[in-house]
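The same subunit A turns up in both complexes below, where it pairs with subunit B and then with subunit C.
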Partner chain A sequence: MSLVQLLFYLMAFIAVASALFVAATKNLVRSIFMFFVTLFALAGLYVLALADFVAITQVVIYVGGILVLILFAFMLSGKETLNAVGELKRKFININKLPAIILAGLFLAVLITVIFRIDADNLAWIKKAQFTKNVILPTSATTENIGVNLMTRYLLPFEAVSVLLMVALIGAAHLSRKEGSSL
Partner chain B sequence: MNFYITYFIIAIGLFGFSALFALFGVYAERKVSAFIQDRLGPTETGKFGSLQTFADILKMLQKELITPAAADKLLFILAPAIIFIAVYLGFAALPWGPGLAPARLNLGLYYIFAVLSIETLGILMAGWGSNNKYSILGAMRSAAQIISYEVPAGFAIISVVMIAQTLNLQDISAQQGILSTEEVKFAGFWDVSSIGGLFAWNVFRAPHLLIAFVIYFIASLAESNRAPFDIPEAESELVAGFHTEYTGLRFALVFLAEYSMMFLVSMIGVILFLGAWNTPLPNIGPLHLAGWTTGAGWGIVWITIKTLALVGVQMWIRWTLPRFRVDQLMNLCWKVLTPLAFLCMLVSGIWRVFLM
Partner chain C sequence: MISLTDFLIVGAVLFCTGMYMIVSKQNAIQVLIGIELMLNAAILNLVAFGKYDRMDNGGQMFSLFAIVLAAATTAVALAIILNVYKRFKTIDPGQVDKLRD
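This part shows the complex of A and B:
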């Protein structure tokens, strides 16, 4: 087994195990801190896939932004609220969990069909890319490529996402406004 | 296998350096504060009190590691390590001289920016794990402050990247001196590619970067929780903020992280704005001052001098200015620094397209 494979299995194991811990533990704050480990392992997997820019973006946005915001919400809500959340009914089969179970089951079905129906070693577009030498090497810089593609080929989705974020921002600003103070 | 051994030696060397710098930094801070407040500072231990910090660290190593009974033990113990490792990881990508960098990443700057944001998580972990109201207040103040000030710092950095057109710290450094492979112009009109020195630094290549540098410097003070932005550990309100409950070696680790952070943000500032490892002396006619003082050894000397000078300014500011209130802090960040940083970014774009 090569070093890359070893690293892949190590990080995959860390990601899966920590994600299981996040889902299973009763201590919500610890589960958030464990989520940090999951995200880091995922960033490691991105690096192995030569997507270094995506890996670092993952750390900046999820660890530096979203995770800290979640923690913020937790710390502002106080221990009593957290304990109340922790003492929800702990039965394994529960009518409240039905939507989640259905969703997870459907997703599993999709994943399994994909794994069985795809022939990952002989995909046509990968063969073609290898043939035309249209591949990313460990030494090549990916940032320019991402920037150029975002501004040309994927401009419309990019702009649509930014409008969506803008809408979310305005909505948040409106919601956090005090009722009837200045209006 | 040899290069693995080199990696380990470099990693240990960087750790040793940050530890030594923290020892020196604490001593310098005491002497600087003493000078500013017209006192003498430490004088008893060693000549001019120079062994004072060694005595302090010896004392700290012997102290008991107290874990509060109601603390979340795992988070409490892990937090100082995460705070320090976040800063220490940043050192991996910093260039020290031409061809001298622990890791030559082509995303170096972005990597450092990402790694530094992990420190917030460690601080929140310390605050929550201690189960102490002062700690949690300090941690939340710290997180709010760091997240807010990442915005102007980020835009100031982007305005440099737009001029430099690369995220590789070694390339950004090389562009600011006589080793540059492209044309360097002082303030957009005078070609100084072969003159180098002071004139080729980023702040003089594009003068609006001087404003970006000031924005970055203010934001970096906030990110390393230094006065006047030290509300996370405001002694008069919060005992010691997020590290109230820490003792002995864990407390030392938090301090080590703070001083390493000071050095790291200053060094990034020097690399981005003040010519990195390039000499400040220009070539004047037959006097090839820049040519004589450029090289690996000189690089380390110059970057260390410049960084220590910036650290000195940080200390000077800490002992001169009073602490900001929370609302003043947020006003400064969102109403002054962020719009100015946006403006710098806009000017950078225009500068790059029309003047370079």
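This part shows the complex of A and C:
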């Protein structure tokens, strides 16, 4: 087993285990801070998938932006969410959660079945990409190619997403203004 | 090298965890975290397949767009959560059941 595979299994284990902890815990603070760990482990997985620019973007935007926003939402939305800390001593598996567990488990079974039946490593277009050497290698620099593609081939989605960001900015500012100050 | 199937399985597990959180949690912030988990699972799949597209970078490019969309979603969701808290004094989605003013 090579070092890359070992790192992959380590990262995958950290990501899955911390995600399960985030889902299982009743303490909101712990779940938010464990979500940090999940996002970092996912950034490591992106690096192992040879997408280093996406990994850096993940760290900057998710960890630096989205998680801080979630922390702000948590701190601004009152203290009674902290009361869940006191009632940790309840049953391990709540009977109310059973339908959700069944739903997630069955969906996981469906997804795993589909993944094993589709046999993604032997798809036609992936074989073709390997044959024509259209594969990112660990030695190839991708960021330059991403920049060129962003300004040529993917210019329309880029502009659309910039307009959408502005709409979201104005919408968030409009939603969170004081009630009845200036209508 | 790592096979595609490994990436897909990790993505599937993360997706189902996020779905469990969305369905079962009684706190809007944890529902939001579940949505982020599902988005991250989708991004992981995009990145894993994007390895076989060196010329066009389709997978990596759309994973970047998905990250930007997630940021926009979170900003708006934060504003909505704060408004709901101001009006109902709770952020349990099960108790917010009034549509009119």
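What to note about this one:
The working rule: the second predicted complex is superposed on the first by the 140 of 183 C-alpha atoms of A that agree within 3 Å, B and C clash if a C-alpha of one lies under 4 Å from a C-alpha of the other, contacts with A are read in each partner's own complex, and residues count from 1 in each chain.
By our rule, contacts are C-beta pairs under 8 Å (C-beta built on N, C-alpha and C of every residue); 3 or more make two chains touch, one makes a residue touch a chain.
Quick caveat: nothing in here was measured; it's all calculated off a predicted structure.
In the model built by aligning both structures on subunit A, subunit B fits alongside subunit C without clashing. Once the two complexes are overlaid on the shared chain, A:M75 sits against subunit B while remaining clear of subunit C. Of the two partner chains placed by superposition, A:L6 touches none, neither subunit B nor subunit C.
In the superposition on chain A, contact is made by A:R30 with subunit B only, not with subunit C. Once chain A of one complex is fitted onto chain A of the other, the partner contacts of A:S176 are limited to subunit C, with no touch recorded for subunit B.
Judged by the touch definition given at the top, the superposed model places A:G65 against both subunit B and subunit C. Once the two complexes are laid over each other on the shared chain, residue contacts for A:F53 go to subunit B and to subunit C alike. Contacts of A:L155 after superposition on the shared chain: neither subunit B nor subunit C is touched. Contacts of A:V135 after superposition on the shared chain: subunit C is touched, whereas subunit B is not.
When subunit B and subunit C are set side by side, the one touching more residues of subunit A is C. In the superposition on chain A, A:A100 makes contact with subunit C only, while subunit B stays out of contact range. Of all C-alpha pairs linking subunit B and subunit C after the chain A fit, the shortest spans 14 Å. Shared contact residues of subunit A, touching subunit B in one structure and subunit C in the other: 53, 57, 65, 72, 76. On subunit C, the positions that touch subunit A within their shared complex are 1-10, 12-21, 23-24, 27, 29-30, 32-34, 36-37, 40, 43-44, 47-57, 59-65, 67-83, 85-86, 89-91.
Contact residues on subunit A toward subunit C in their complex (touch as defined above): 4-5, 8, 12, 15-16, 19-20, 22-23, 28, 31-32, 35, 38-39, 42, 45-46, 48-51, 53-54, 57-58, 61-62, 65-66, 69-70, 72-74, 76-78, 80-81, 96-97, 99-101, 103-105, 107-108, 111-112, 115-116, 119-121, 125-126, 129-130, 134-136, 140, 142, 145-146, 149-150, 153-154, 157-158, 161, 164-165, 168-169, 171-173, 175-176, 179.
Chain contact summary for the complex, subunit B toward subunit A: residues 72, 74-75, 106-107, 110-111, 113-115, 117-118, 120-121, 124-125, 127-128, 136, 139-140, 143-144, 147, 150, 167.
Every residue of subunit A that touches subunit B in the complex is listed here, in rising order: 27, 29-30, 33, 36, 52-53, 56-57, 59-60, 63-65, 67-68, 71-72, 75-76, 141, 143.
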